[in-house]
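In the two assemblies presented below, subunit A is common to both, partnered first by subunit B and then by subunit C.
What follows is the complex of A and B.
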């Protein structure tokens, strides 16, 4: 398909994709590749500098920073992908219902979205986590609650836009049912816009999980997580400022990679953006 | 409208359709009637034309007949059954070709898949899908090398042929042509009209157009729709015998070339 070809031609996009796949693989295979247990405390060896035994040094409890970073991928990347997966699923179901059924269903769902979207999402997430108590599950739940209206609204707009296309009318006249039309026509059309927005938002969710963990509301110790590592490092910032670098740079790189990948996908999935429009007439 | 036919294929009875009218602030102020008590019937195998200017309700009527929109009151009956029931019972028996060929095909599909979608709607029995698509493409005079192309690589005339092939693929008994040739240029229009005549077989056509010459060329009979009402039903063989003032007005407004130039005078000219 032309999508792969145009994505392959986009070198920065491919580089970001490869980088993210590597990071995800590292997180998945963490027990097999890290040299130390991320929760192993060795206080006599705290604040060790970079070297052959500890590549990125150790933190204030003598834990290996590299091992913690790799394990932290599970919480940061894994849970942000989970959040996006749940959010997009809710968005597809509700958005397509609204766009297809119209009438009262659409009016109700859209007014509900309007109400939810009128809260600033960061404040709402803080409030929900504050109510439910700290913990990664609550952070995920809060992010889903804050984000589903955006996806529902976007997917409903895409659905409405395509539902009036003549090829969907034809499928209907020819006797195909709604499930077929959604699977074969609507989802592939909407996929482009959903993937782009979801990719860009994954970066934002990583930041949100890290920020809440930094504030002590997300992941609870001793589970490693990038934002929490940054939070622990800030307490000793004056004496050991280099402790903030590994988690900070990791967050920066991963979020930037998601943002660049989102832009590349937007170009690759745009049907009118083919670099060469060859004609076979 | 006469319902004289003993066993009509399609019966439209007292169809009413309103759309809400909104004022500038978006409030509903009134319901504007688009179709006003439209009734007619079509025989099996007939080419029935539906002629009217823009805004006369042609497309709304076609959507009601195809079951894409529900009328406010009245019935659309195929062989005595309501359209949605009939469409469900006879999958693929109903087909449509639209004016706008660009939005008629999914831009991400290959031509083969576009035609195959219609073929599968009809059950897709007999030959393999590949052979069936090749046969259909030959039937609408499309070169077979286009099967693997994407829609944006085809010209307008070719794309409209793809739509016609797809409409034929399910082996339908009824096809609606909603301004199917209006967007094509004149030389292609006549080619497509010839094609439609050649492939007709025992299918019933509903041919919607705003062009009286097109209607007179192809149809057995056509209905004149004006402001949502049926103004007249005209038999093409006896067009000059019609007493409808609207028909006369329409015919007079067409551009007539001198008979020396065209070589063949139209039916109306020869009788006038």
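What follows is the complex of A and C.
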């Protein structure tokens, strides 16, 4: 597969992918690799500085920061990946239906997308969290609702591009059913674009989840999460400013890795693409 | 088609969209798992007994059929009455009007900052393409797109307000308090546009007309001006999307800097379960977004008459 090969040749892109896989593994295996329980309060030992016992020190309740960072991967990275997974699945189902079935289904879905996209996604997310109340599940739901129209629309465009091509018509004439054609002939064509967009968006979702948790609208204590750790560090900024560094740098690195990987994937997908690396805001 | 009838037809086309938006803002609160009447009682620190709930429901008109409530709400909203806050019974529209100027001021300052910085950065990138200022800038731009805005805001507060004690940590008190929030808000946009503009200028630079202009002996500044003007298209399209997002995205920055704006009003309302405020915020932002898109479309149509036909289909 040329896509994978050209990605493999892109050293920095591969480095980002490996880094993200490592971070995800650390989050999955958190109970086996962290030295302390992230919820273990040890008030006598609060604000310990970096050292051999606590590699990154302890926070205002004496909890080990490194352990909390590793456990925080589950909320921040895990739930962002879940959000993107659900969003992309909805996008694939609805987008392919719209592109294949045409007619009223398509008209209705596209109108719906138009209305949803007429809200800035930040407002949509605030509205849904406002309606359901603070909480991580509500933030995930809000992100899915705010993002599915973009994916539905993009996948429908791709589907329409390919739906009239001769090889798809041949498959139809040969008697293959729509689900088979979608799985075998359409998904591989659309996969590249979906992966690029989803990779870039995962970084954005991590930022969104951690921003809302930072404000107290997302993850609720005592579950560790990167944005929430920053929110706690904010209150003690004047005396212990170094507490802001570990969670902030972690978010920065992971989001940067996703952004860089997305760009690499885009270039790998299109060998003639000028490496212009545009972004959408 | 002349521009006047284009604008009229676009405005008429907006009516169903605005209606859908208002319906969505209304429905979203109705879908909430908590009963507004109960919330209204609880925020005033009273115990919700069944009799009290029934009384408040009647008072708030919640016992009427759904459609009737929506039409009443829409009628009031069109006349500028967005209901009362649960917390203190103040008019929502009044509070919104009070919070709007600070938010707009913040967004406008950020937009100006964003334009100035990203254009300057793009020029540096093009002038020094491939040499160290360009590489340094590309590194910074990449950092800027990935850094969480709230973290950047905290670091700025620590450096300039706590450590150096040059600027206030938050609140709205004179022009100096505007600096940190505006920079924080503009940061991701500066990176995005600097990158977009730089790349499109680098591409334009390869084109034949630039070579021709150089061959004609035009000055360096004149050639650069040609490159710049021919690279603006993609950035302008994005700008139409970004400007309302700048207003909508202020809520994180407003909360960090205790900025008395719309976003903070809404986040506070979410904590208090103050539904009328959330509803009004959603409605206001969506209308703003739609109108901003319309303005951008009209601007493009003014520049390029071909778009007038296409935009209506």
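Here is the rule we go by: the second predicted complex is superposed on the first by the 270 of 281 C-alpha atoms of A that agree within 3 Å, B and C clash if a C-alpha of one lies under 4 Å from a C-alpha of the other, contacts with A are read in each partner's own complex, and residues count from 1 in each chain.
Assume a contact is a pair of C-beta atoms (placed from the backbone, for glycine too) under 8 Å apart; a residue touches a chain by one contact, two chains touch by 3 or more.
What you see is a predicted model, and the numbers here were worked out from it, not measured in a lab.
Colleague: By the touch definition at the top of the document, which applies to A:207: first (subunit B), second (subunit C), both, or neither?
Modeller: second
Colleague: When both complexes are superposed, which of subunit B and subunit C contacts more residues belonging to subunit A?
Modeller: Greater contact footprint in residues on subunit A: C.
Colleague: Does subunit B (first) or subunit C (second) touch A:171, or do both, or does neither?
Modeller: A:171 sits against subunit B, while subunit C stays out of touch.
Colleague: Which of the two partners, first being subunit B and second being subunit C, lies in contact with A:215: first, second, both, or neither?
Modeller: second
Colleague: Both subunit B and subunit C touch subunit A; at which residues?
Modeller: Looking at subunit A, the two contact sets intersect at 277-281.
Colleague: Sort out for me which residues of subunit C touch subunit A in the complex.
Modeller: Where subunit C meets subunit A, its residues are 17, 20-21, 24-25, 28-29, 31-34, 142-143, 145-151, 154-155, 157-158, 162-163, 188-189, 192-193, 195-196, 199-200, 202-203, 234, 238, 241-242, 244-245, 248-249, 251-252, 255-256, 266-267, 269-271, 273, 275, 278, 281-282, 285-286, 289-290, 293.
Colleague: Residue numbers of subunit A touching subunit C in their complex, please.
Modeller: Its residues touching subunit C are 114-115, 118-120, 122-123, 126-134, 203, 207, 210-211, 214-217, 227, 230, 233-234, 237-238, 241, 244, 247-248, 251-252, 255-256, 259-260, 274, 276-281.
Colleague: Tell me, which parts of subunit A touch subunit B in their complex?
Modeller: 165-167, 169-176, 184-185, 188-189, 271, 277-281
Colleague: Quick check on the complex: what are the subunit B residues that touch subunit A?
Modeller: 66-68, 87-88, 91-96, 98, 100, 103-108, 114, 117-118, 121-122, 145-146, 149, 152-155, 158, 166-167, 170
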